[in-house]
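Report on the following structure.
Chain naming follows the written order as A, B, C and D, and within any one chain the residues start at number 1.
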Amino acid sequence: MRIIDGKAQNVKIAYIGGGSRGWAWNLMSDLATCPDMSGDVYLYDIDQDAAEDNRIIGNKYNDAEGTISQWNYFVGKTPKEALTGADFVVISILPGTFDEMESDIHAPEEYGIYQSVGDSSGPGGVVRAMRCIPMFEEIAGYIRDYCPTAWVINYTNPMTLCVRTLYRTFPQIRAFGCCHEVFGTQKLLMNCAKEKLGIEIEKRSLIKVNPVGVNHFTWLTRATYQNQDLFPLYRELAEEHRETGCTKWLDSNWMNNCFRCSHKVKFDLFLRYGSIAAAGDRHLAEFVDGDWYLKSPEHARNWGFSLTSIQWRRGSLEERLQKSRDLRSGALPITLKQSGEEGVAQMRAILGLGDPLVTNVNIPNVGQIPNLPLGAVVETNAVFSSNGVTPVMAGPIPKEIHSLIGRICAEQELVSEGVAERDLTKIFAAFAGDPLVTCGVEDARALFKKMVLNTKKYLTDYDLSTL
Amino acid sequence: MRIIDGKAQNVKIAYIGGGSRGWAWNLMSDLATCPDMSGDVYLYDIDQDAAEDNRIIGNKYNDAEGTISQWNYFVGKTPKEALTGADFVVISILPGTFDEMESDIHAPEEYGIYQSVGDSSGPGGVVRAMRCIPMFEEIAGYIRDYCPTAWVINYTNPMTLCVRTLYRTFPQIRAFGCCHEVFGTQKLLMNCAKEKLGIEIEKRSLIKVNPVGVNHFTWLTRATYQNQDLFPLYRELAEEHRETGCTKWLDSNWMNNCFRCSHKVKFDLFLRYGSIAAAGDRHLAEFVDGDWYLKSPEHARNWGFSLTSIQWRRGSLEERLQKSRDLRSGALPITLKQSGEEGVAQMRAILGLGDPLVTNVNIPNVGQIPNLPLGAVVETNAVFSSNGVTPVMAGPIPKEIHSLIGRICAEQELVSEGVAERDLTKIFAAFAGDPLVTCGVEDARALFKKMVLNTKKYLTDYDLSTL
Amino acid sequence: MRIIDGKAQNVKIAYIGGGSRGWAWNLMSDLATCPDMSGDVYLYDIDQDAAEDNRIIGNKYNDAEGTISQWNYFVGKTPKEALTGADFVVISILPGTFDEMESDIHAPEEYGIYQSVGDSSGPGGVVRAMRCIPMFEEIAGYIRDYCPTAWVINYTNPMTLCVRTLYRTFPQIRAFGCCHEVFGTQKLLMNCAKEKLGIEIEKRSLIKVNPVGVNHFTWLTRATYQNQDLFPLYRELAEEHRETGCTKWLDSNWMNNCFRCSHKVKFDLFLRYGSIAAAGDRHLAEFVDGDWYLKSPEHARNWGFSLTSIQWRRGSLEERLQKSRDLRSGALPITLKQSGEEGVAQMRAILGLGDPLVTNVNIPNVGQIPNLPLGAVVETNAVFSSNGVTPVMAGPIPKEIHSLIGRICAEQELVSEGVAERDLTKIFAAFAGDPLVTCGVEDARALFKKMVLNTKKYLTDYDLSTL
Amino acid sequence: MRIIDGKAQNVKIAYIGGGSRGWAWNLMSDLATCPDMSGDVYLYDIDQDAAEDNRIIGNKYNDAEGTISQWNYFVGKTPKEALTGADFVVISILPGTFDEMESDIHAPEEYGIYQSVGDSSGPGGVVRAMRCIPMFEEIAGYIRDYCPTAWVINYTNPMTLCVRTLYRTFPQIRAFGCCHEVFGTQKLLMNCAKEKLGIEIEKRSLIKVNPVGVNHFTWLTRATYQNQDLFPLYRELAEEHRETGCTKWLDSNWMNNCFRCSHKVKFDLFLRYGSIAAAGDRHLAEFVDGDWYLKSPEHARNWGFSLTSIQWRRGSLEERLQKSRDLRSGALPITLKQSGEEGVAQMRAILGLGDPLVTNVNIPNVGQIPNLPLGAVVETNAVFSSNGVTPVMAGPIPKEIHSLIGRICAEQELVSEGVAERDLTKIFAAFAGDPLVTCGVEDARALFKKMVLNTKKYLTDYDLSTL
């Protein structure tokens, strides 16, 4: 890579999981419209056909209307080929198949445990981590060997544990994890400010927030627009809609029925704790006692959100596979649109192209949240600039929510260590202590065994005989 | 006070709650047999008749067989009279009456929440704290005004929050909290070593342990006798008795049916987490998810322990009241016996009489447990010597149990702040998040309201209208 | 104040020390050219005539060519009048007169101690702090009483101790200290990059740096431009010019003979320690052993810098007084020019007008530098946005310079406490330990006494009898 | 080893540097009179003849009058033989010969730098560390390989850096460093209490102190006897003797002219800083600015202490060599006397024989001194018991002396890292910043080069070409 007259040329991006149907196209679109970067994208995927599809699709973006930046797409046949010389690495993989995910999400229902997502926390999140962490150990090893100074952006869940694994395996790695959940709350605040103050705010990033916590259980301790503290407005909103939820601003473009929520959980948590829980209700509900919002599908529905079933995911994938075929064949023309993700903006900022960017990110705690453990991966704002990615001092978790967040963070640290050591006792200790596991110790043990066996194809280096 | 030839004369001890039927007599006995201290004990109690009873009883100890140290007992009619000039202050009070305690313990049963003790944690512990903390604010104020350099020993529960309140109100106070729960585990280890190694250990204090945690939820991360690591022996014991419990060494002198336990909870926790939970099972069960060991009285019984009902407590008090009358009248003669408590030994050590004493104590965290919040009251070993009470570096809570303990510690910090500010929102946030409150948010709110109203006689400076 | 359509109206700025001849005009110029703020500036000064002069001059700015923003200037006759309702407070005062400053700078010469500035550290800095800190206690009290939520920008030296005092007196204050010394090093790096890489960099702020340390003894641990690490270039530069210094890029507009330096000290420190000392050599030399660069005026000259004498300062003031008269009378027309200071840009960013600003600032350490004491005022980058001023995690001071900086920081903490308590023993402990005080304990005591007595007019609430 | 009926049998002690003429005999005497340990002592020394001398002498102790414990002495011909199976390792070596030490101590005099000891700090301490640290890296490696769970007691100087190296090389090591300097101050306090209070205190260990700092620059923040705070008495003493020093209690048994001091430095430091500097004046003077107490030999003499010259050390060694010959031949009979050292008492306590022992020790900082860097080796009290060696929470260094101690601690961390990396730039950065190096940078560089070359025989794995 070189930067000439403010434009970065020959940037090499390696995309692990580059056969993705969805995220990959977002990235292609964002790259095509980036004014000051161009170069090569190497797609690596264990499904090489999928990577090949995306190679063909990616190259079509160069001819799309509105494209201002040329990127050459390649299939990286080996990690070595994909990663060597990379300036940036994007990781977005599915750890296992929908079969394992079906067990993650639905097996606990037998014990009265319902999960709305099942990929970050809860019994499903723990078992997914058992599969996923060894994969990230491998990826981190490749990065150490082939592109140790590359910047690594992870989108895979469980976000916290994926990023934690990258650092645990290769401490010098320059990795961070990105998640758009906070953006939704900024949009909610934007609408709230518009309604209450009558002002039109141009874009969500003008709402300045201070996120603290762990991914998908991130809370805002401050939110402002210009000289306006938005917390009093938000309190009004929450009080008005605590019973009914607030659906008036739902953006059906990015939310479908299955991801939709009415913010009742968010409002309830705000009125109880005084900080703004920043992820969507489906995520939030999974980090607190299962009896609060997830006793049953009906209970969730009363709280204004739905459970995302594996059946829905399978259907959605079918649609996306069809879209992939159509994009490849040309039946569906390439169209550019901004994804709303910040990955490309972050790359630009790291190269010093344009102003520093301040946004939320998942990286190890070096003190940005003084009352969470050092080394644990936390979510706060960070400054992206040519000096790298520097977290801001987000400050301590407020006392009201320290117990909630600290508990999750400690559980994740235990899962991280337990999986790193392939130690089922430690992993079960975390599993049984998860807030969603409301079924008692004996049942938890049975459930754990069942779920682990369901995913055992991916657990070849564990000793499962002690289950 | 003065120390002459290694003997402390004119020591003044103030006893807040000095009308106690039980603890007070233990203290009297220990003082009477202390070889190198003598002086005055001022009994202060809101029940002055009870204090007067104990004054009479106390003075009888001077004539008991085996008494080697003379102490004059007085009733302190006001806090000022009791405290002025005190070298030591002992606090052991009942916050409220058995009527309030009945609500603390039994009101939650309507929502399927059972408590084995109900005085430290759980819904009962939180509501008891609402009554108790204001009393300790008052006591701390008296100490600040009348004897700011006195050493203050607290025995009242909720231990953590009582000691926290003393320091919050008067940060220069020299206070600590004592609890004998760890002693029981030392005895268990002593018996275990005897069985497994065939060695006779003279006294429980020769078992060296490293406690970490919060009161009644204290864990041992090391336990040794001479050059012997006791953890492998304890693991054997736990594995042998995980199903049946271990009752063979029950000491019926100090345990009656109601306090008895078979260590099944302790063993289960050890096998899951690798550290030794050091309190009795009745306490331990209250700090973890209610579904684990406390789903119902039967469930508890299956785990080898019983719930201490208020009915039992009322009966026990009746017996102790009778004993008080008999001691006062002389119908029951005064007999000396070692209480097994360490209060008097601690006083001696603080005065530099004899060797330094290393034992467990509850004091604010100044770093002795690096991964719990600074300022929170924690339980670790400390050195008692003429240089004061200095905690040892107990080290971090092991990852396996960090989530369990950190959660409780954060909850207690929130209760402490919530009650200090008389802020029902904060208190309810803690209440609803307690591991025993397994009933969902809406029910938790109803239960909280009910329990608070049951104890409202003691909550005169709260604004209860927002309940 | 209100913000309408992205413009802040009716902003109130209070200027403590508003009679200044120099800084005040810089601020007026920057305000006049600020596109989106307007309002009132209240000038408060113990020299009310000087404030009146500036009021007249300030109002002339509204008619100057190029002015795009209207500001009304007033004399605030009392602190109350100046501060009540202020949105921003600027503090730039001279603590005492040039008579006291003469003693600060020159009295130590009798003992072989030479100071190049004498206002931040060294014997002069300590004694100046004795005068200055009580003034800042008073100012902090006014802010607490009249405008507790105002943002407070300090420019007065000793910077660290002034900001420390504001927070010690009124912990909720929203204050920070600004200093342009780091900017000079960014310019040096800009020139260096131009020479070595042949690239033209538009402005110094595009050089991204990570400052750590305390004011005037701030070091850069990273410096980059786009994807370019500037440390290797800087090492080349330092090695080339270690003997001769580097004067080729001296900007005579902002440096005159007396402030000029050739960066020999900076280069020497870099080659010894591996981090870039970021202040000018005159400042840097005062924070290390006096024998290193300040044995004598000749020694300093050999190191490529001069001592700023009080005589020069008196002359400079004369010129500025004349300029003041001419500006007031109109003999000298008002001209706008950018001051190079960032105060106004910081105000805009705090109001959320425009993008977040990342720049260096002096605020209490909340962990942004983990290996300096919490609470001490440190200099690092911070994000200015509508969410306030949030320091970034600058990271630990590198081991190589930890001893140098840690020593200064601890000394300043001791001065801060010593002056707050008016405790001459503590202050002398700091004085005698200062790196410039190379004269032995006995001489240090004599010197301290002399210097304190020279400034005693301002030390009315100290007990000087124990000197 | 096994413990039967409270007696440890077959204890194996490895003594690295076991050819010592002095310390070795102290240890032999203390072991011979230890009631409850017996076993084998393996003497390892690069001077095998010296080890053989001590083997013969050691075995004679078994027949000495008063011996109650049998120990068999062996020469360990290799580290492997000496260390394998060891329960305890004692390290007391001389890094290099008196020729190198002569340069360490006297070479700096050419630049006006005088050192009273020259083995811990100052230019001599730094260069000695350059020789010594590689030796300790080697020793730590042997311990890791041959006896990883042994307890390791170091007596070698520079104490801090030796212990630091053991932990840096083998983090799991169970090592600590012992030093008797604090004992002398306890004796001084004992005499002071006797004079001022008229009480006879049986032994120095009854004076309870709280040491903080780094070895040889340790300070007491509290000192008590029974209920008596000794600081006011000590202040009286210091004020009475600030001019004259206090020599009345000099114990000529353990002090000869060369080690003698009159405590004037200690008193001066107390009156300036309010804490009691606990090492002897010869050591203390080396940790502060050279201009304070060490401008010249006369200056030191005025402050009541002498410089220990290499000439004196050579003479002393001659005497000890003669003594060795006489002990070996039997010309001099073996006599038992208590050394005053605590090594054997510490071993007993670690084995759980007898009560826990609370005494000062040098180990890595895990928070016992919160305002010194974690990992640096610090001196505080610790509890020795069968649970190991646990530091107490000594608390933060007082503000008054934080700058003094923090500076030294940071310098030592830099030397440790610099030598570990064989990085002359880092080592020189520490050297030039040492408080005794008062000669300016250029001279410091020349001196460093000279001293390093003088010791180059021991620096075979450094690249000295860059000097």
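Going forward, contacts are C-beta pairs under 8 Å (C-beta built on N, C-alpha and C of every residue); 3 or more make two chains touch, one makes a residue touch a chain.
Keep in mind that this is a model prediction, so the values were computed, not measured.
Listed by label, the chains touching chain B and chain D alike form an empty list. Each step here moves to a touching chain, and the least such steps from chain B to chain C number 2. Among the other chains, the CA centroid farthest from that of chain C is the one of B. Averaging C-alpha coordinates per chain places the centre of chain A 43 Å away from that of chain C. We define each chain's centre as the mean of its Cα atoms; on that basis chain A and chain D are separated by 54 Å.
Annotation for chain C: no residues touch 2 or more other chains.
Under the contact rule defined at the top, the touching pairs of chains are A-B, A-C, B-D, C-D. Against chain B, in their complex, chain D makes its touches with residues 1, 3, 8, 206, 208-210, 222-228, 351-353, 355-356, 358, 366-368, 370, 381, 383, 385-388, 390-395. Put simply, chain B touches chain A in their complex at residues 268, 272-274, 289, 291-293, 295, 371, 373, 399-400, 402-404, 406-408, 410-411, 413-414, 417, 425-426, 428-430, 432-433, 438-441.
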